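One structure follows; several queries about it will come next.
So that you can tell them apart, the chains are marked A, B and C in the order they are listed, and the count of residues begins at 1 in each.
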């Protein structure tokens, strides 16, 4: 008996240690790694943008946004590689910076929603700098209130649901994760549709007009609180949570009912 | 006066009749179910539960009548009905545990009946004593029954074109059929931009046909490595593939489109059902997932109005695989 | 005082001569262990399905004719949908109580299959499928697979985006049956997918009439077989033997319990139907063959098939130009047939492997048959792991675990883990048996000592 006890307690200790290690790794934050001048001007400025760009972006995106086609060792020991930024305009820079997609620790990581490491002033500065690299689209000003949810639902289903899931809960495309959209802002949706960040296709105004985009944005914003007329929405993910409810709520309650009505095993 | 006396006597008589003398216990038959002790507290609990059930059931009726169909009333309806049922169930459970004698009885397990088994077999056997050619008759009976059964099943062939499977091979596409979007507007080559994804259909055909829907994308023509004989299938790099996955028939609704191909996964059409992944550069070959054959490609041409038209039929049949699906569809 | 029940009983018996049957039926004995109630849970879920299903059938329109929606639910205004989908929208959003009935019906279907599975596991792990109950086991398996088909048709009738994708996959799996796949699917669908309008009326009549009649008949046969041979029982005392059953009579003891359970099941299902949303079709929208959504899944009881379809490596078996065995066949047809075949063979395989051909009315505890229990655990874990992989994409989205890595790991794990579990379970059962034997020996030794001490005691007392 004491042997079994010892085995159990050793197993428990090992399990706890493993759990602690996993938690520690999860909690551990990467280094901020943002290089910024010791004194920054009070207002956003293109010069500040240039400085921030040189310290944080040039190692992958090249000097003056010319891009780095093949990996080249850069600052901080990173093997830099990145697309050129000529002509991407304010729109792209604003999107990638405000969502935390950029900066990216390694070119091989998946860019995705992340902590935003730059301040608002710094982002504005960087945006104006990147915009100066070549003529490109400016930051859009969508008006979702003027859209129609009905039109937005149809357009989203047709163009977006395949990757983002009908209720914008995110999904999987071979080799990458598609982010859920419950926390994104209207401007970011408008920007993303026009750029197609990372692996997303892009949609020009000739395919999805600005008015249609307003409808799509209105729909996406509504997915934060989908119309759960039937009660608890259990994540709006479909049959997987429904199956979990069947086996983790219904089945135990039914077993309890059987135990309440029937009898346990008698000892002879 | 006399009437009053008669009435009085009548009433007294009725009252007395309500309480007949108790029967002697010697007349009671022997009990089958044991008597058990009363438990008034259990009875009270049952009454309470049944009373609650009444309240909830009435509540259901009230909620049904009062509220408009919004989310809240559905929950309330469910709570009322569910709790009413649970209360009655609870009352019955109390009855079972405390108000009914739970006897523990014994009984025999039923056993087999070898004598009757033999008798049954014997009856059947002896019944055939007048028959001289048993096998022939049984064979004829089986033939009659079998063919009749076949005849009875034959009308099932009208369910669909069972013998003729050519409908599976047909597509609405042939040389010159125009591509249209879901509103019926013809697609122009110049509106097909790089890095974008378009759904198209055959002009004049039912959009719901599996063979009608297409994915249209534009790639860099220099990067294409299409199979033999397809060198002119993608004018200016614009190419069209069937939107229906050849694995099990879902819509290939995902397009993986890298902005920086040097480090990011290459362009691919992906199906959301089982993640079959098709490479558009090589004619839709499968690069991941359980699909067993390539995504069928439709040859395109650009007409004089710069509209996109089919230049022929698909490279192979559309939709989930079956038998001759690897061959090009017929042009009919 | 005359018994008030004599009159109605006399009335019935004089006209049906049924009193002896009623007497026998009322005193049918139930072993009242809780695990024998799981089958009843399934039965009561079925009753709820019938009751709610009748209501739904009165409002559902089994037509694929298209219409443009201009109803009360504005987010779907202007959307082209089938009349079938529209009628379910109306049931859900327009008719009072419709959503409750519909959700209860759908929850009842999910719970129905879960209860059958729990009941199957109880029957398997106690060896209650052995002679003379092999037929009951076979009928039960037919019930399970018929229930799967019924549920699939039920949620496909709604014609929403999710179930429409599932119907397309069903078509693809059907086509993958070698040689006969094409004619079979053309017969059922009436035309290449999405089929002709007859498909919907065929599915409807199958779902509301043909298959429920089949289910009810199978349940009837199942219950008659159970009652004819009586339930098995655990060996809880010396009175419980192969020849004598000890239990609670149907009336008055068991009846209120069973009725209480029925009301608990119904009450729980209606609570679920009111409180937890299931299949919110107004969010999914109607199905069109050129539309797809990420994260599409079948209802849970078909999740084993999507897992199998996703696990298979990509190949068709071809002979020259001819595709003999398309890929979906392995995961969608062969896999479920193998599972059904193994389960059907269980009683006969056990007879063959153990050489035990006797009648068994006593139920084993799982530990009493280590080989059977170990096989059951291993087989269930095989199916369960394949089922679990079906959710790998959502696990990736939720926890970042690479889909590719999961694919690789699961392809190995579905074979390795059941093998390990077989060995471990078998050892564990044996260990439990040995522990019991040791305990029994200890107890009898202590009994021995006590009785000897008692035998000596009187002389000691007398000595004082």
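Definition applied: a residue touches a chain if its C-beta (ideal position, glycine included) is under 8 Å from a C-beta of that chain, and two chains touch if they have at least 3 such contacts.
Fair warning: this is a prediction, and the values are worked out from it, not measured in the lab.
Across the structure, the highest number of inter-chain C-beta contacts is found for B-C.
With chains reduced to the mean position of their C-alpha atoms, the one farthest from subunit A is C.
Mean C-alpha position of subunit A lies 39 Å from that of subunit C. Distance between chain centres (mean CA atoms), subunit B to subunit C: 15 Å. With centres defined as mean CA coordinates, subunit B is found 34 Å away from subunit A.
Shared interface positions of subunit B, defined as residues touching 2 or more other chains, are 74-75, 78, 93, 96, 182, 199, 251, 253-254, 272, 275, 288-289. The set of subunit A residues touching two or more other chains comprises 158, 161-163, 171-175, 227-231, 260-261.
Counting partner chains per residue, subunit C has residues 32, 93, 99, 103, 257, 260-261, 264, 268, 272, 274-275, 291-296, 393, 403 touching two or more of them. Of all residues in subunit C, those touching subunit B in their complex are 1, 27, 29, 32, 93-100, 103-104, 132, 165, 168-169, 171-173, 175-176, 179, 181-183, 186-194, 196, 198, 202, 228-230, 239, 242-249, 252-253, 256-257, 259-264, 266-275, 288-296, 306, 309-316, 318, 321-324, 326-328, 331-332, 361, 393, 403. Interface residues of subunit B, counted against subunit A in their complex, comprise 70-71, 74-75, 78, 93, 96, 182, 191, 193, 195-199, 251, 253-260, 262-265, 268, 270, 272, 275, 277, 288-289. For subunit A in complex with subunit B, the touching residues are 69-70, 81-83, 107-108, 158-159, 161-163, 171-176, 195-204, 206-207, 227-231, 260-261.
Subunit B makes touch with subunit C in their complex at residues 23, 33, 64, 67, 69, 73-79, 81-86, 88-90, 92-93, 95-96, 100-112, 156-157, 159-163, 165, 167-168, 170, 182, 199, 201, 207-210, 213, 243-244, 247-254, 271-276, 286, 288-293, 319-327. Residues 32-38, 41, 74-79, 92-93, 99, 103, 107, 110-111, 114-115, 118, 161-162, 234-238, 257-258, 260-261, 264-265, 268, 272, 274-280, 282-285, 291-300, 303, 391, 393-394, 396-397, 400, 403-404 of subunit C are the ones that touch subunit A when the two sit in their complex.
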